Structure formats: C-alpha cells, structure tokens
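Note that chain A is present in both complexes that follow, paired respectively with chain B and with chain C.
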Partner chain A sequence: MNIIRNAVHGFGVARLTILGFFLLLCIMAVPLKLDVAELISSSLVRILMWGVLVLAMWPSISCGTGPNFGLSLGIICGLLGGIIAMELELNGFVNLFASIAFAAPFAILVGWGYGWLLNRVKGAEMMLAMFVGWSAVSLMKIGWLMLPFHNPEMAWPQGRGLRVTVSLVNRDMAQLLNQFLSFKLGNIIVPTGLLLFFLVCCLAVWLFMRSKTGVAMTAAGDNPRFAEAAGINVDRHRIIGTILSTVLGAVGILVYAQSFGFYQLYEGPMYMPQQAVAAILIGGASIRKASLANVIIGVILFQGILVVAMPVFNIFTQDMASMAEISRVIIQNGIILYALTQVRGE
Partner chain B sequence: MSEHYLLQMKNVTKSYYGTTVLKDINLDLKAGEIHAIVGENGAGKSTLMNILFGMPVIHSTGGYQGEILIEGQPAQITSPQQAMSSGIGMVHQEFMLIPNYSITENIKLNRETLKHSFLSRFFGRNLKTLDFKSMHADARKALDTLDIGIEEYTRVAGLPVGYMQFTEIAREIDKTNIKVLVFDEPTAVLAESEAANLLAAMKKLAARGIAILFITHRLDEVMEIADNITVLRDGRLVATRPKEATSVYELAELMVGRKVEKMTRRTDQVSSGNIVLSIKDLSVRMPGEVVSGLNLEVRRGEILGIGGLAGQGKVGVANGIMGLYPSSGTVLVNGEKLPLNNPRESIKRGLAFLSEDRRGVGLLLDSSIEMNIVISSLQNQGRFIRRFGPFSQLNSKEIRGYALKMIKELDIRCTGPTQIVRRLSGGNQQKVCIARALTLNPDILFVSEPTRGIDVGAKRLVLETLVRLNEQGMTIIMTSSELAELRSVCDRIAIVTGGTVAGILSPDDSDVNFGLLMAGQKAGKELSA
Partner chain C sequence: MKADTGLETSRKVQIDYWQSVSGFLTNNMVTIMFVALSMAGLYISGMNSTLYINDIISRVSRNSFLVLSLIIPVIAGMGLNFSIVLGAMAAQAAVIFVTHWGVAGFPGILLCVALATPMAMALGYLTGKLFNKTKGQEMISGLIMGFFFAGIYWFIFLQLVGGIIPMDNEVLVLSSGVGIRTTVDLTGGLKYGLDHLYRLPLTTVMIIAGCLGIAYQVYRFVKAAGDSFRNIRFIFGFACMVAVIVWALMIRASGSMVSNIRVPVATWLAIAGLCLFITFFLKTKLGHDMRTVGQDRHVAAVAGIPVDRIRIIAIMMSMVLASWGHIIFLQNMGAFSTYGSHESIGIYAVAAILIGGASVTRATIGQALLGVFLFHTLFIVAPSAGRQLFGDAQVGEYFRVFVAFGVIGVTLAMHAWKRRLQSKLPAVAKAEKE
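Now for the complex of A and B:
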C-alpha cells in the first residue's frame, strides 16, 4: 500500500489523472470504431510539430525565470524570419533554413532584452512574461501592417499590410519536414523528417545543458544565492537561458507552420505559449525544475489527448462540436493552475 | 508568603523533541523590581519568555512542565492574548509595528476607543468610528510617561529605531492592567544615548510598580539598573544574585563558564607562521550581522576562531570576504589585494567557504550529491569537464569516480552519488558542503557555524575533519556561536563585538575574559589583570 502511495506521489496525482484520461480516450476509440492508425498518425504529427515549442520551456524553467509565458516573442521572431524568406521567394528546404537563419538574430536580440527585463522583476517573472507576450503580439499587429513586404502571396489584394494567414503551399514548404523520408508502418504514417528535426533539437539542448554554461545556468535557476557563492554570474545565465528559449520559440513556430501549411500572423501567437507551458507541466516539470523527459512526456500526453479527444467527443456530443476545444482549454489552464499552486516557499 | 510576588515561575522545564532546552527554572518577581536575565545565545532566555508569553511555538511542541503563578494564583498561559489579559506585556526585539500607521494608531491597534456614528446605530459595533481625540490623548499620556517629546500623530515609517522602541513600550504601558513588562534585548538596536533614555524610562516604569524582566547580554546595563540578576546557561539557571552581591566579572564567568573539552591535535606552535590573510578596515553590510571597520590578521596553518554574540557581526566577516554581501576595506591574501564583492575572485585566490546558511546558500537541494560536490570547482577551475573547442561537456565518469571517493572519505551516508541532497540528514549535508569546499583545494577555508543543526555524533566528526585538514596544512577560519566548540579546536579566538574585533584570546583564557569581551567590555584584558 505504501509502495503504491509513494509511486503515486512520485509520479504526481495530476499527471496520473491526465494519463488515465488519455488512456480512457484511447480505449474508447476502439469500440467507437475510429480509425486507430489515422489517430496515431495525426497524433504523431501534432506531437512533433509542437515539440520544439515545448522544448523552449526547458531552458527558461532551468535558468530560473519560470515557464516562458512570453514565448510569443520568439514566435514573432520566427514568423518574421519566415516572412523575410517568403519575400525573397525562396523555396523548400532553402526557405526553411533561411527562415531560421533570418529569425535567429532577431530572436537573440529580443531574447537578450527580454532577459534583461526579467532580471529586473525577479520573483514575478511569469506575470511580467505574460503581459510582455501579449503586448508584443499586439504591437506586432502594427508591424505586420507597416513592414515593407511586397510579395503578392502575402499582401492583402488591396491596401497595405500582410494577410492574416500566409500559405506555404506555393513555396513547397507545406509539410516539408513531415514528408521528408516519411514511410508507412502498417497504416501509420511516420513523419520521419519532423521526428529527426525534433530529436536533433532535443539532442542539441541536452548537450547544452550538460556543458559548463548549462550547468551554471541550472544552478543559477535552482538556487541563485548558492550560484552567486559558487562564482556564477546569475543574471548573465538567466539571460542566456531566456535567449535560448526565445530562439527555440522562433525555430519551433517555423516547424509548426510548415506542418500546418500557413503562417498565422496577427492573433496567431497570442495563446500559443500557454499550450507549450501546459504541456511541459503535464510532463512533470514544476515551475522551477524541468528535464528533457518532462518535455517529451508532456508533449505526448497533452497533444495526444487533444488529437484523440476530438473524434471521441464528436461522436458523443454531435450538437457540441466545440467540445474538444473546450476540453483543451480546461486541461491547459487547469494544469497551469495546478502547477502554480504547487509552488512552495522554502 | 508568595502573595507579594507578582510573578513566580517554579521548576519550569521545556523540551523540544526530546532535547531539554530549559530545566528547572525558578524565578520570583516583585512589583517594581527590575530583574535582568542574562545568558549567551541559546542559553534559553527566549524560550523562557516564549513560555511566559504563551507563544504558539511552545504549545505546538508539547507545552512545558512546571508552574507559573501570577499574584500567587496558578496560571496556565496558553496564548499571547491570555498573557496580555493577565497583565504581561512584551517589548519585542524586532519591532511589531505597522509602518504606515501613526504612533497613536500603533499604540491603540485593536484596542481603539470607539464612538457611535450614524451607520453604527443601524449596523452594529463594527461600524463605529474611532475616537481619535481620546486615542491621541491616551497616546500622549503614555509617551509623556516615557518623557518622549515626539508628536503622537507622526507616522512610524522612517522614525529612528529608538522612537520605534519607545512606541512599542508606550503601547504596552497604555494597557491599563499591565503588571509585568518583558524587554527582549531592547538595547541591541539602539545607539548609546537612546539606550540611556530607555534605561531611564525602565526605572521610571518600575517606580510606578510595574515589574520588569530585562533580557540582555550587556552586562554594564545590567549592573546599572537591575535589582536582581538571573544567569542562564545551557538551559539551566546558574545563579540568581542581587546586584549588590555580584560584579560584572562574576556574571561574565557565570555566563560563559563550562568545562572545555580540548580536542587532541598537533601541538607544534603556529604562532611563527607568516600572515596569509590580512584584513584591514573591513566593513560588510550584511543585514543583522554588520561588520564595521574590522582589522584581523590570520597566520598560515592556524585555526582562527571568530566568536561573539549573535548580531554582533562575526558571521559577516567570512560572508564579506567571500563576496556574498557588499563590503569595503582592504583584504590581502598572501600579500596580494583581493578584489571585494566578487565571489569568483575570492574562489580563484584559494579561499573557500562553508556557509552558515547551509540550506539557503550552501547547497543545491534538488541536485545530486555529485553535482553539489563538483560544481564550484567545475565552474571556477574547469575541472570535471571535457573541452571541444568552444564547447564543453561534463565528464560524467570523472565526476562519478571523484564523488564516490569523497563519499567514502568523509563517510557521507547516502544511497549513492545521484541521491538528491535534500533527502540527507543535516550532518551529511554538511559533509557534502565540506566535500565541495575541499574539491577547490583551498589555502584558506572559512567555516561558519559548522555544527549548527546537526546531531552530537556528527558534530564531533565535522570538527575532527576540520582538525585533520588543518594538520595537512590548510588555514581555517571558523566562525561559531558555540564558544566551547571554538575553544576545543582553535589556536586563537577573536571575539567580534559591535562589528569589530573586541579582542583576541587564547582558548585557555579565563571564562571571565571571554564573557567580558562578548558583553562589550572592551577593556576586558586590562581589567582582569
């Protein structure tokens, strides 16, 4: 009995509930005669397209600034890089990597400034991050209207400014990674390129976290007073973590967008950070400690639920087609709320 | 015969989780008497007052044994409210005032004079208006009793500490039934002239028939105003003396005196060693432990003790030199100037530090033992790391091997090098801290309160480890509140009082001298001669 209790405690009641819910949904899918292979295929895609965005939470939690609710900043930088590549009429992989290359300098600069700002509000980072994110999204709406882009694929037919959604189909960008080397396993489609890209990102961040800088960053986040005493410059490492998170956000949105087939400007980045935050928290991270396992488990559970829940709910509640979306919001905000109540003062 | 005692404590005993912190304390207090209670930190003064004041910390840990009589009647004081209604008031060491309220409002808080207003006639008592006029009058009267000229409507925020103290006292004497007033180290935060004012006020209160319990460690103040003096040491009542029958020297000796168990260690003299660390005019702004203009020289190969009472600045010395709190002055390490306020530089020059705040500064509680051991060296000396051009990676194999070696050497009881430090006992956590400091191969090791919060067996082990390291050539500067501990391992002991070195004594010096230096009698040495 004690062993079970300890196991439950170790895994976390919230995680267990979510896992149970996920399994329940999966089991229900079978008697409801849903296409399981199809479900698994689309789960894989959704999990992997969100992967890098969730990965971006790892350095930000580790360096002590908490989950990056201001990930919108990175997302905007990524979109900006993507739009520049579109303006240059690049195609395919050239477009993708050029987008990343264009986005990176913006992300580094923005991340540095954002990190500097976070260092001035130690203890209230999450609140600030959320409002910085929202403000940036709103500010950038003006940017999307004013920036001098002329490619007719992206511009409104009349007037000036960029469209709300910019299609990537004409640039051979849609599902570029998803289809790269993809193969069928039975009836399941494996998006090899997407999988590889995510794993490479994970490996890179994992290696970074094991470097001297990464170790110092984790110590700075874990116990700033200890880090200071051990000769670590806490503020500097918090900024490094924030920059890394912002850059990953930029890369993440480009991966997401190519799978989705569109860049969503304007309101698009508004609520994306919350989903990524919820995912890593479901994976077992706290707002002060995270690991690669938290990222992977979290993104699988959270996005998996969303994919499976939609058709299941749709069968039960024909009249309420938005039930899947409602459940996403409940789970997402519920898990963030739960994680925030777990913060204990030392 | 007990009728004319206002307050009596009989055989009061208190233990926390099986450790007896107070044993058989007897105390009698007459109306109008000033009774001083003196003792070192941890002697049990505060616990005794907590019992008297019915603090929850006492009752949530099993209460106390013994009897308290108020005016001859047995009383069970189980809450501060009850203590107050029995006529016991307390002036706290840390001010319990609301900064943005005026002096009057603070004095009258929760005891406000009320009058009817339009709304209260309909909605009851809670909507009555405060009668500021009568409240101000009461406050004025209380302040006048203390001879304080300050206006009663001044806001407390920004007042000098002396006035805050008087506001607290005014609040207590404004209570109509006050019989016993407890002053918990009231002069600790005051300047000399303010302290003199306070003592005068205490005398005046006593003359009005209020009994005063005065907790302090300033012996000269005790001799100035107390009628009777009780000395506590290690939770026991050592002596109660009328003022006329004692002297500062006797009190100092009673306060400190205990058998000192000398640790066996090498006997060769270190007095000839050259100076490795020279501290000139060091000031450290560490809250609660301010160092101001301290001078000290440390010889190679010695164990130098830094003792003194809490709050006098002994802890600030090491924290300042290690760059953890803003400091100024000159510190020479092996004749070279050490850049202050920069922990990295301190570590680079061969200094290492075992913090007194083990859980706050000393450990990464949620990281593994091995990471805790290697991280300082890894960050500052580039050990345990493999370099690939601009990139670096942890050398897991080397770290694991080294951690296992240290765990064995220091006998750290754990399930393995990857166990999280939070789960270790206090003694084992301290050993992890020692292991990290040793990994830096320091020339000079600062240790602060190395045995605080760890059990007796582990205490001995930690001290033995320090002695062994010293024998291998490491210079150790040990700060401790436990004088006995310092006297058992140190070559010399500097007593820090008021932020500076009051004097340097040999561990074999008399208890009187230690007591006098700690109590702020600067001329201790000459007086005893």
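Now for the complex of A and C:
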C-alpha cells in the first residue's frame, strides 16, 4: 500500500489523471472499431515531429533556468535559416542541412544573449522567458514584412513581405525525413528518417549531458550554491544550457516544418513553446529536474492523446476539431499549473 | 529649522529640488519614453485632431475601469494580476445570457453586473487559492490560469450551451444547435447601455472640470499653509485650470468639429467612483493589512494578519472589478468575439499600467489613468504612423503589439534585476563582517 502511495505521490495526481485519460481513450478506440494501424502511424509522425522541440526543454531545465518558455527565439532562428535556404533555391536534403547550418549561428548568438539576460533575472526566468518570446515573435512579424527576400515562392506577388505560410512541396522538402527509408510494418507506416533523426539528436544531447560540461551544467542547475563552492562557473553553464536549448529549438522547428509541409511565419511560433513545455512536464519532469526519459514519455503521452482523442470525440460531438483543441488547451495548461504548485521554497 | 538662515534653507531646497528632478527622471523612464513616442507618433501620423480626440475618449472610457482593477493585487504584493482574464470571461458569460434573454439598455447592464459578480467571486476564490500555493510565482500562474480557464470557457460555450445547457436562440447559437457563434452582436441590446445613459458635450465637461479644479486648488492652498511651494503650486494649478476653461470656450466659439464630441458621463462617473473607492479602501483596516502583507508576508504573519485570507480577498476584489470593467468594455464595443475577446485583456491592461509608471510592487490610480491614455494614444496613431514611415499600416499594428509585450518584458526584467541586487547586497555585507 505504501509503495502505491509513494508512486502516486512521486508521479503526481495530475500526471496520473492524464495517463488515465490516455488509457481510457485507447480502450474506447477498440470497441469503436477505429483503424488502430492508422492511429499508430499518425501518432508516430506527430510524436517524432515534436520530439526535438521537446528535447530542447531538457538542457534548459537541467541548467537551472526552468522550462524554456522562450523557445520561440530558437524557433524564429530556425525559420530564418529555412527561409534563407529557400531564397537560395536549394532542394531536398541540401536544403534541410543548409537550413540547419544557416540557423545555427543565429541560434547560438541569440541563445547567448538570452542566457545573459536570464542570468540577470534569476528567480523570475519563466515569466520573463514568456514575454521575451512573445516580444520576439511580434518583432519578427515586422521582420518577415520588411526583410529583403524575393523568391516568388515565399514573397507576396504584390507589395512586400513574406507569406504567412511558405510551402515546402516545390523544394522536395515536404515529408523529406518522414519518407526517407520508410517501410510498412504490417499496416503501420514507420517514418524511418524522422525516427533516426530524433534518435541521433537524443543521443547527441545525452552524450553532451554525460560529458564534463554537461555534468557541471546539471550540478549548476541542481544546486547553484554548492556548484559555486565546487568551483563551477554557474552563470557560464546556464548560458551554455540556454544556447543548447535555443539551437535545438531551431533544429526542432525545421524537423517539424518538413513533416508539416509548411513554414508558419508571423503568429506561428507564438504558442509553440507552451506545448513543448507541457509535454516534458507530462513526462514527469519538474521545473527543476528533467531527464531523457521525461522527454520521450512526455512527447508520446501528450501527442498520443491528441491523435487518439480526435476520432474518439467524434462520437460524442459533431464539432470534434474544437473538442480536440479544447482538451489540448486544458491538458497543456493544467499540467503547467500543476508543476508550478510543486515549486517549493522560493 | 528656526536656526537655519534664509540662505541655507534656500540652498537646501535647491539641492532637494535637483535630487527630486533626477530621481523623477530615472524612476519614470518608461513613462517619459512613451510620452515622447506617443507625441512623435501623433506628429508623424498627421492625424485629424477631432478623430483622435473622439477615439481616445472612447478608448479611455472603455479601458480605464479594467486597468484600475489591477491596483489592489499589486498593493497586496501579488504583482500584476494577469488572471483578470477570468473576470473578463465571467463578464462575457453574463453578457451572453443577458443578450439571450433580451434585456437591453441600462437594466441589462445592471443584470450583467448581478450575474457576473458571483461568478467572478468564485473564480477569484479559486485563483487566490492557487496563488497561495504558488507564492513568488503569482504572475506566471495567473497567466497560465487564464489560458487554462479559456479551455473550460470554450468547452462550456462551444460544446455544452445548446446541448446540456438549453439555449434556443437562432441569432446566438450556431446552426447546428450547439455552441455560441464566434461573434456576439450587442446592437439593439446592451450596446452603449451605460455610455448613452447620460452624455454631455466635451466642452461642457471641460468647463465643469475646470471649475471643480479651481475649487480644489483653492482648498489645497488654504489647507497647505506653511508649505514653501504653496504659492508656485497654486499659481501653476490655477493657470492650468483657467487654460482648460478658456480652451473649451475657444473650441465652442470656433465651431470646430471637436465641439460635437460628446462624453459618456455615466461611464466616467463609474470610473471616478472606482478611484474614490480604491482611495478610501486603502485607508480602512483591511486596506492597511493588505499593504502590510504586500510589504512583507512574514512580518504580517507575525503581526497576526491572516496572510492567505487577505491575499484571496485581494484577488477576489480585483476579479470582480475586472468583470465589471469588461462589461463596460463590451457595451462600448457593441460586439465581441466569443472565443477571443478576453485573451488580450490581461496583457493590454498590464502594459497600460506599466507605461503609466507602475511597477510590480507599486501602482497608483494616477499611473493607471495616465498609462491608459498613453498606451491607447500609441494604439490609435501606430497604424497611420507606420503607413507614413514605411508605407505599410501593418508595420504600425505589429509595432504596437510588440510594444505591449516588450514593455512588460522590460519592466519584469528590471524588477527581477533590482531585487537580485538588493538581495545580494546584504549577503556581501554579511560575508565581509565574517
């Protein structure tokens, strides 16, 4: 009995509710005769397309700056890299890797500045991150309007500015990773390229976290005073964590966009960070501690619910699209609120 | 004081004066910057003054009440209350039902207030409970609470109304029979329910205000006997008021379009009533307790003040005031987006009060009103200034949204930075002693 109570306490009521909701949805899917293979295939795509963005939360939580509500900074850098690659009319994999290469310097620079700022506002990082992210999104709206890009695939034919959504189909970019070496397992389509890319990213970050810098960074986030006493430069490691998170955000949006088939500019990155934050929190992370397991479990649970919920809701309501959106909003913000109530001793 | 010679006193006054001027400049950087920005925007946009005055009057009268509702939680030490969005949702729910029942005009407004108040109190209680569990993180909790509750609000009005909650109304409900339409039109119903209750021409209001102002200046002059600045203050204040009256008379005489502008007196009286209420409330026992809690929770607890209860009361008051403020906002707009009108309320209200010079720990009525005026001046002129400068009105529209987010970000950063420096200083001093 004690073991169960401890498990409940450790995992948290909110997470158990979400897990229960997911299981309920899965059980309901069986008698409803929903196409299970189809559900699993589309879940896989959704999970892997969000994977890298959720992974970006890991270094930022570990280094002590809390969940990165300002991930939109990284997302904007990624989009900028992607747009530059489009302007050069690159195709396929060249485009993808060129986008990452163009985005990385921006992301490192922005992440460094952002980390510097976060070091000055210790204790209020999350709130500030949120508004830094939103300010950046609204500032970049002016940027998308004014930057001198001329490729007719992206620019409005008249006037100036980039389109709200830029299609990747003509550059052989849409579903590029999804279809790379993809195969059928029974009726389930496995997006091998996407899976491999996500696993490589996970492995890279995991290796980094095992390295000397990574261990020092986790120590700095875990107990800054102790780390300072042990001779670790806490501020420097917080900046490293923020840069890594921002770069992963940039890579993450490119992976997301190639699967989605579009770059979403302007309003697009506005609320994406919250979704990634919610995923890692559902996976069992707290504001202070996270692991690779939290990332993977979280993204599977959260995106899994969203995929399975749609057809199941279809039976109860005519308006299933809005019902799925409503459940996303409630789950996503509910788990963030829950995590905030668990912060103690500030 | 008596031992001082006249010369010494005057030098002292001079030094105090300069210190207060430089202190004023550094403490009000944000406000001064916005005065400059608004002026520049007004000049660049080349806007017609009648249009501008008309627009700013309606914007100030519909937003002031909402912004004033932010003051009490700041005094209770809970920071900027982003959760007023919940109060706005309570107001929208009340407005939807009153529109459905077809109660129009001022009685409709009163019914909305009667409906929204208990809802707002319940939501305020819940939010207060949450804030007591997340002390030190109230602002982000309030922000996320707004998003969270928006989900529940959508669920109620998109999935339940028309189904489980019966509502038979072709105008309000979607053609499928379930869910409220995306926009609710208040024309012929609650629109201008308060604004059009009693209106006076702007010039008349200016003359009345000028006369009241002169009376106040005289009162202050008599009361402040012995203050060395008494004469200067009196002459300056008196001149300002006379200028207002003369200006009003000149507008009348010139027969310009401005003299046709009318002011919603009932709404302004409601705002003035709230200002008086806040002023008197802060002098009551409860108000003093709130201040104590805001300054130091631990000291307040030791002094026997029920800290958690006071904090819940502060949030409940703010929430109820916000719901009333949003009713005023909606009746002036005349139509609202069912699933989106509440979203920006919190952020724009907070941005306005910060632009007026408030901070996370300090907010006054004057700052709230000045902030509304400056922020909405920028809102009005930004699109046409953007068109003049960049050939695109869109730039101005994006810029004003950026300003709202940016000013909140900058204020939060400055506050956190200051607090960190303050908490560091004693630590350093202690370490040196040891």
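Going forward, the second predicted complex is superposed on the first by the 342 of 346 C-alpha atoms of A that agree within 3 Å, B and C clash if a C-alpha of one lies under 4 Å from a C-alpha of the other, contacts with A are read in each partner's own complex, and residues count from 1 in each chain.
Rule of thumb we're sticking to: a residue touches a chain if its C-beta (ideal position, glycine included) is under 8 Å from a C-beta of that chain, and two chains touch if they have at least 3 such contacts.
Quick caveat: nothing in here was measured; it's all calculated off a predicted structure.
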{"item": "First (chain B), second (chain C), both or neither touched by A:Val329", "value": "second"}
{"item": "Partner chain in contact with A:Ser182 - chain B first, chain C second, else both or neither", "value": "neither"}
{"item": "Partner chain(s) touched by A:Ser42 [first = chain B, second = chain C, both, neither]", "value": "neither"}
{"item": "Per-residue contact with chain A, leading partner among chain C and chain B", "value": "C"}
{"item": "Chain B versus chain C as contact partner of A:Ser211, first or second or both or neither", "value": "first"}
{"item": "Partner chain(s) touched by A:Asn223 [first = chain B, second = chain C, both, neither]", "value": "first"}
{"item": "First (chain B), second (chain C), both or neither touched by A:Thr192", "value": "neither"}
{"item": "Chain B versus chain C as contact partner of A:Ile232, first or second or both or neither", "value": "first"}
{"item": "Set of chain A residues, in rising order, touched by both chain B and chain C", "value": "346"}
{"item": "Chain A to chain C touching residues, read off their complex", "value": "117, 120-124, 126-128, 130-132, 134-135, 138-139, 141-142, 145-146, 159-161, 274, 317-319, 322-323, 325-327, 329-330, 332-334, 336-337, 340-341, 343, 346"}
{"item": "Chain C to chain A touching residues, read off their complex", "value": "130, 133-137, 139-141, 143-145, 147-148, 150-152, 154-155, 158-159, 176, 178-179, 390, 392, 394-395, 398-399, 401-402, 405-406, 408-409, 412-413, 415-417, 419-420"}
{"item": "Residues of chain A touching chain B in the complex", "value": "207, 210-213, 215-216, 218-219, 222-223, 225-226, 228-233, 289, 346"}
{"item": "Contact set on chain B toward chain A in their complex", "value": "322, 324, 343-344, 346-348, 353, 355, 357, 359-367, 371, 375-376, 378-380, 382, 385, 391-394"}
